[in-house]
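Lettered A, B, C and D in written order, each chain numbered from 1.
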Amino acid sequence: MKKALLASLLLVLAGCSPSSSHDKLVKTLKTVQSWTATARMVGETWQQGSIPDLYAQQTLEKIQQEIAKETKDLTGSPALPRQIYQLQQTLQQMTAAVKQHRKAEIATPLVQLATEQQQLETLLKAQGDRP
Amino acid sequence: MDVIRDVLDNQIVDRNQRKMGKVDGIVVELLEGQPPRLAYLETGVTTLAHRVHPRCARWVAAIASKWGAKHTEPFRIAWSKVRNIGIDVEVDLDAEQTPTLAYEVWLREYVIKHIPGGS
Amino acid sequence: MNKIREIALGIVTSIGGFLDVGAIATAAEAGSSFEFQLIWTIVLGTICVIALVEMSGRLAAVSKHTLADAVRERLGFNFFIFPLIAEVIVDFLVLGAEIGGVCIALQLVTGISFQWWALPVAFAIWLLLWKGNFSLIENGISFLGLITLAFVVATFKLRPALPAVAEGLLPTVPQQDTAHYLFIAVSILGALISPYLFYFYSSGAVEDKWDKSHLGVNRAVAGLGMGFGSVVSLGVLIVAAQVLHPRGIHVDSYEQAALMLTQPFGYWGFVLFAASLGIACFGAALEVSLDTAYILAQAFGWNWGESLHPKEAARFSFVYTVFVFLASLLMVVGIDPLQLTLFSMALTAVILPLTIIPFLVLMNDRSYVGDHCNGWISNSITIFTIVLTFVLAIVAIPLEVLGG
Amino acid sequence: MASRELHLELLLGKCVFDSTGNRVGRIEEVRAQQQGDDWVIVEYLVGIPAIVERLSAWNLGAGLLHLMGARNLHKGYRIPWEQLDLLDPEHPRLICTIDALKEISQQLERDAN
């Protein structure tokens, strides 16, 4: 009885842990996706004046760090590093706009960020469809 | 009276209802040909630690002899001093006059009093 | 009249006092990641916690014993040492997380990193414990805690689709992210059914000299108070599900959660979030610090009482003093507050059976609670809670650890 | 007459064997009575029913024991003070055999009725 329980537990564990590099990639993409969505919301709410400048700036900086940390040892899709690079560029532009208190200047990178978010979405979908 | 249920591990209070420890141990006296007589209540961390493991008691005693009030002896209360056994075990003593509060007093005198608002 | 005042006060107390960093963090995580799917855990946890808090109050009112006193007396020190050690460890981590919550709230408003706030916050907590008395702490902080009702107001403003919310009442297990789903479910249960509540509540009842005439007050406070506290948790979950989930934001840090009230309330929403987090965590930090001092004092029979002057209860005061500053060090070294919160909530669920099993014995002991023994409903809820949290914890935690 | 001291809290949980080496059970409770100015021990209770008695969790404990069929498996006994040899407190022994003891379970049923 005990052995059977243990065996089934191990089976479940083995089945669920993201051991393959594919699972790892999907997990990373999801995290990056979530942080990108956060950046967009930070940008939009800052534009509306709903959050303090300092918080917006610090959070955008934190997002860049988090994305860099997540994608540090990323392998697989060759197009991905370029996309991440672009994403980081956009985030930097947003941070700069917040630092200089120029609400008008954040509009362009925000549009850009929306497109990049869309691309990530497509990529994630493609990965998710793979068996 | 069920000694384990009603006495062991109960709160001990002095005649002024001051809390002075728990009943950590009960000592009986064995006399040949006579029923065992309840002799003392014991209170003290070493008695308590002994119940977990004798080695545990030695560690606790070693620590207690180096730190703070440096008091390791459990305190014995003669059964004749027990006034009442109810929610708490009430004994006919003054807690402040016994060594049970050694650490309480030590902390009060050497730590708490020196913090602003503590005296 | 006096009783009505007491009930009202008790309910206010519960709203502020029973919502803490764990409830906010786990509900935000659940709503953002799984929309309304985890609502059932909050409802279930609430039922369990109401029953258990009512029992610890009843125990204190009828037997005049706190939970810790009663467990040691009835089950002996060799049993009590296990829940005692487990509770002190969990309290330490939870206190670190609560202090972290206050620090994050301050960081959100000031922009100064949370690590710098840890020691000042610990000092403020300590000062209040040192100088204040029980009713000041309970009533003052709890009254301020009413601010957390902002989440409930936000829920109404956001008009969630009621059928979808109702669907969340039924327990389901999703196909994707099962491990994380179960882990969050365990954390929610751990956050709502916190063992410190039972020790703290029964100590408070003894400190307030409750007797049998307080059984009605006890029932009202446990039921309505804990109920209200959970309504706020539900509010957090629904707001996170309405605001963060559609945008694809999964809460991995407090900065993300901080955005959730900006949609319904604009700039004030941001301030309200920070204020709610800060006040709820500050209140809970006071309770957890006191709880640790309570259980240690009661374990060894020291003088205890928050209303006593520190010099009248030297060991008791010394414990919370040391404990608050030690726990704040967890934040000083920069452990992520949200991760610490989720971890300690899951650990809470693991130790829960140790705390709850004694209820089965104590609440059926006529020499203790007389005619106010548990009925079959209370006993069933107790057994159910033990089994549920134990099974969930055993399954979910290894999954989450291995799943990264 | 030599007197010896014994810690009751350490006797708790110790396994008792009878004069022929049969296992009787663990000591769970000690009963005392007042005799003049003193309190003296009259009997020791051993076995799982003794725990139930100590916790006095009647309705639940007895029910659970019944459910598990434990009443037949683990019997509880009352040992009069004069039947227990405490010369070696680590290994308390009965002076008589197990058959000479009163069972707690019978008592339990009588109380319940």
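The rule is simple: a contact is a pair of C-beta atoms (placed from the backbone, for glycine too) under 8 Å apart; a residue touches a chain by one contact, two chains touch by 3 or more.
A quick note: this is a predicted structure, and the numbers were derived from the prediction, not measured.
Two chain pairs, B-D and B-C, are weighed by contacting C-beta pairs, with B-D ahead. Among the chains, the centre nearest to the mean of all shown protein C-alpha atoms is found for C.
Using mean Cα coordinates as chain centres, the one most removed from subunit C is D. Mean C-alpha positions place subunit B and subunit D at a centre distance of 27 Å. In whole angstrom, the spacing between the mean C-alpha positions of subunit A and subunit C is 32.
Subunit A and subunit D have centres, each the mean of its CA atoms, that are 66 Å apart.
Counting partners per residue, subunit D has 12, 55-56 as the residues that reach two or more other chains.
Subunit C has residues 74, 76, 78 in contact with two or more other chains.
Shown for subunit B are the residues that touch two or more other chains, namely 4-5, 8, 24, 51. Those residues of subunit C lying in contact with subunit B across their complex are 63-65, 69, 72-74, 76-78, 81, 130-131, 299-304, 310-311, 314-315, 317-318, 321. Put simply, subunit C touches subunit A in their complex at residues 108-111, 178-179, 247-250, 252-253, 255-256, 258-259, 262, 266-267, 269-270, 395, 398-399, 402-404. Contact residues of subunit D toward subunit B in the complex are 1-10, 12, 28-33, 35, 37-42, 53-56, 81-82, 86.
Residue ranges of subunit B in contact with subunit C, taken from their complex: 4-5, 8-12, 18-22, 24, 43, 45, 48, 51-52, 87, 103-105, 107-108, 111-113, 115, 117-119. By the touch rule above, subunit B contacts subunit D in their complex via residues 1-5, 8, 24-32, 34-39, 42, 47, 50-51, 79-80.
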